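Both of the next two complexes hold chain A, though its partner changes from chain B to chain C.
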Partner chain A sequence: MSAATGTPPDYITPAVRAIIGAEAPPLEAHHPVEASEARRFHQALMDDAPRYWDPAAASRYGGPVAPIGFPVHAMRRAEDEADPLDAMQQGEYDGVDRRLRPGLPEVQVPLKRLMNGGYEYELFRYARPGERIRVRSRYADIYQRNGRTGPIVFVVIEDDYETEHGERLLRSTNTIILR
Partner chain B sequence: MLKVETREPEERFFEDFSEGQELPTVTKGPMMVGDQVRWAGACDNYESEFHHDEYVAKAQGLPGIILSGPLMASLLMTTVMQWMGRGARLVRFFDQNRGSTMPRDLAHLQGRIRRTYEEAGKAFVELECWITNQRGEITTPGSALVELPRRGR
Partner chain C sequence: MSTSTMARVGEGAVFDDVEVGQEIPTLVKGPMTTAHIMRWSAAMENWHRIHYDWKYATEHDGLPDVMVNGSWKQHVMIQLLTDWAGDTGWPWKVGFQFRGMNVPGDTLTAWGRVTAKEERGPYGVVDLEIGLRSQKGEESTPGTARVVLPRRGGPPVPYPFDPAVLGTA
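Coming up: the complex of A and B.
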């Protein structure tokens, strides 16, 4: 709340409004889905279904697959890409990375707590080892609500995951909360 | 070497589910920092210090290390697939990170069938799912839509 007027500041400035609808160029995963990467993922999920490694159990999918939510976590750092941990050592870094997807502009809102509000997934099919995953991201909406603790900014991001041949895998709608 | 039994979920059919039916609770935990570290490694994502450094977490106003929301959501999605059986096709999944899961918390994964219906010759089950902790607080409410095979077809 601003002490002078009692009205909360409006963080949806023209600059913020201008990036609603912004789309990132398609981003391709650094490498095709690897069998061992799928293994680490299903083990982290405590999901031991053999469809992830046993061709017989995976026959209904045409061979072993990566867990259904895998594409969302498949974009990895290339060998020659800057170390993201280095960015945290910069003096001006306040602990919040407001560039919410590679290739999308920063959401310039001076709120310091960033939370992942959740996901909605629309699922088309499993990714398979050997396929290269591609994502197209866009800011679907950015809006403010004023809660008891002050303004809260919601950033809604749509991520469309597909193979390098354009076959759809998953659409994620992710809500990021800044407060 | 000790081995765990690995198998596909049971075979289930549309006819096995009815509105209001409670699904068997699956309990994970007590959750550990190791669960979070393993998830960070699986995703190659180490950029949120509050997920592994208690000092940073507290400095940011959190009560301590919290486990990743997407990890908890992924555990819930895995459980939905196990409830619905090996022939199920997950069509939609939704989750909300409402409360934190911290190291030493239990995660009770629960579900209930909301609706069963047929559309364009296909059979669907809609369910509510959620995670509660040992204090009974719902940390992760969610829902799912699943297409299921019909028995004998």
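Coming up: the complex of A and C.
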């Protein structure tokens, strides 16, 4: 715990400030959007709109589409990538990858609790089965507020999702809260 | 017992019919069960234990039960808007915060209320306040949205959506 008296520590050090604006190399999904994963997505969402399965109803989109938010879940594990469930042998492991985004530098802040503060989406286009999705992530901002319980650091990440041909799908602005 | 209201498809809302203060059709999901949560986690390949490991969720993390996925709730909020806009309008922007937990047994109602509307060229832009309310009346996912709709007798909103079609505000 940091001191209850005096000025709270400033966690936005020059090293943290230096990564604001940092952009990860474009990350491409390991496989094109599969009709089956799009189906499991809309069925688990319990959204049975015909645009997801009926070619006639989806003619406006050039054929059936995946739900509009699908791209944010398109980055799956590659066939030869390490099994994340290996870590389950550690009894305390919660099953969550601590990397905020692969390819972005770590936010060097000594705060343990991580919370998802929410999302802002700007939506442009549905992804279709057969299309390959890629994402470009950047730290749009990192800033500190001092609450009653101590310093809180907000990490704002912009993720731009597009097709392999550079057609915009959506922009996600995600705020991660460290405290 | 229905787990989901019937999706509205095809022609969506028309700008001229929208009034400030109006509630758009709600979207009801549930009652949610551990099976619904497991199905979503498996589809997402999300291995966070609080969604399927009751002992871990309650004893290690001190939660009341396994949790309904935040990722699932965010797509419910988006579906509320795609159902309303149909295939003739477009849900341009949607944002929300995760403020509360939901657990098995909860029935969730996504709702939206129009806060502003503005003509923009041949289309109309509608701002909404949105939320996700449990059967106990608790709001877990407050947010806002901006939806683009066609005018009566006018063309559908062009697809893919480009904000440039709205001209400058």
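We adopt the following convention: the second predicted complex is superposed on the first by the 159 of 179 C-alpha atoms of A that agree within 3 Å, B and C clash if a C-alpha of one lies under 4 Å from a C-alpha of the other, contacts with A are read in each partner's own complex, and residues count from 1 in each chain.
Here is the rule we use: a contact is a pair of C-beta atoms (placed from the backbone, for glycine too) under 8 Å apart; a residue touches a chain by one contact, two chains touch by 3 or more.
None of the values given here were measured: they were computed from a predicted structure.
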So, on chain A, is it clash or fit between chain B and chain C?
-> clash
Partner chain(s) touched by A:H73 [first = chain B, second = chain C, both, neither] | both
Figure out whether A:E167 sits in contact with chain B (first) or chain C (second), or with both, or with neither.
-> second
Name the contact category of A:L85: first (chain B only), second (chain C only), both, or neither.
-> both
Is A:Y119 contacted by the first partner chain B, the second partner chain C, both or neither?
-> both
Go through chain A and flag every residue that touches chain B in one model and chain C in the other.
-> 37, 40-41, 43-51, 57, 60, 67-69, 73, 76-77, 84-85, 88, 95, 115-123
Interfacial residue positions of chain A with respect to chain B in the complex = 37, 40-41, 43-51, 57, 60, 67-69, 72-73, 76-77, 84-85, 88, 95, 97, 113, 115-123
Which of the residues in chain A end up touching chain C in this complex?
-> 37, 40-41, 43-51, 57, 60-61, 67-69, 73, 76-77, 84-85, 88, 92-96, 115-125, 167-168, 173
In the complex, the residues of chain B that touch chain A are 4-9, 28, 35, 38-39, 41-47, 49, 60-61, 68-71, 73-75, 77-78, 81, 86-87, 89-97, 142
Going by the contact rule at the top, pick out the chain C residues touching chain A in the complex.
-> 3-4, 7, 9-10, 29, 36, 39-40, 42-50, 56, 60-61, 70-72, 74-76, 78-79, 82-83, 87, 90-98, 143, 156, 159-162
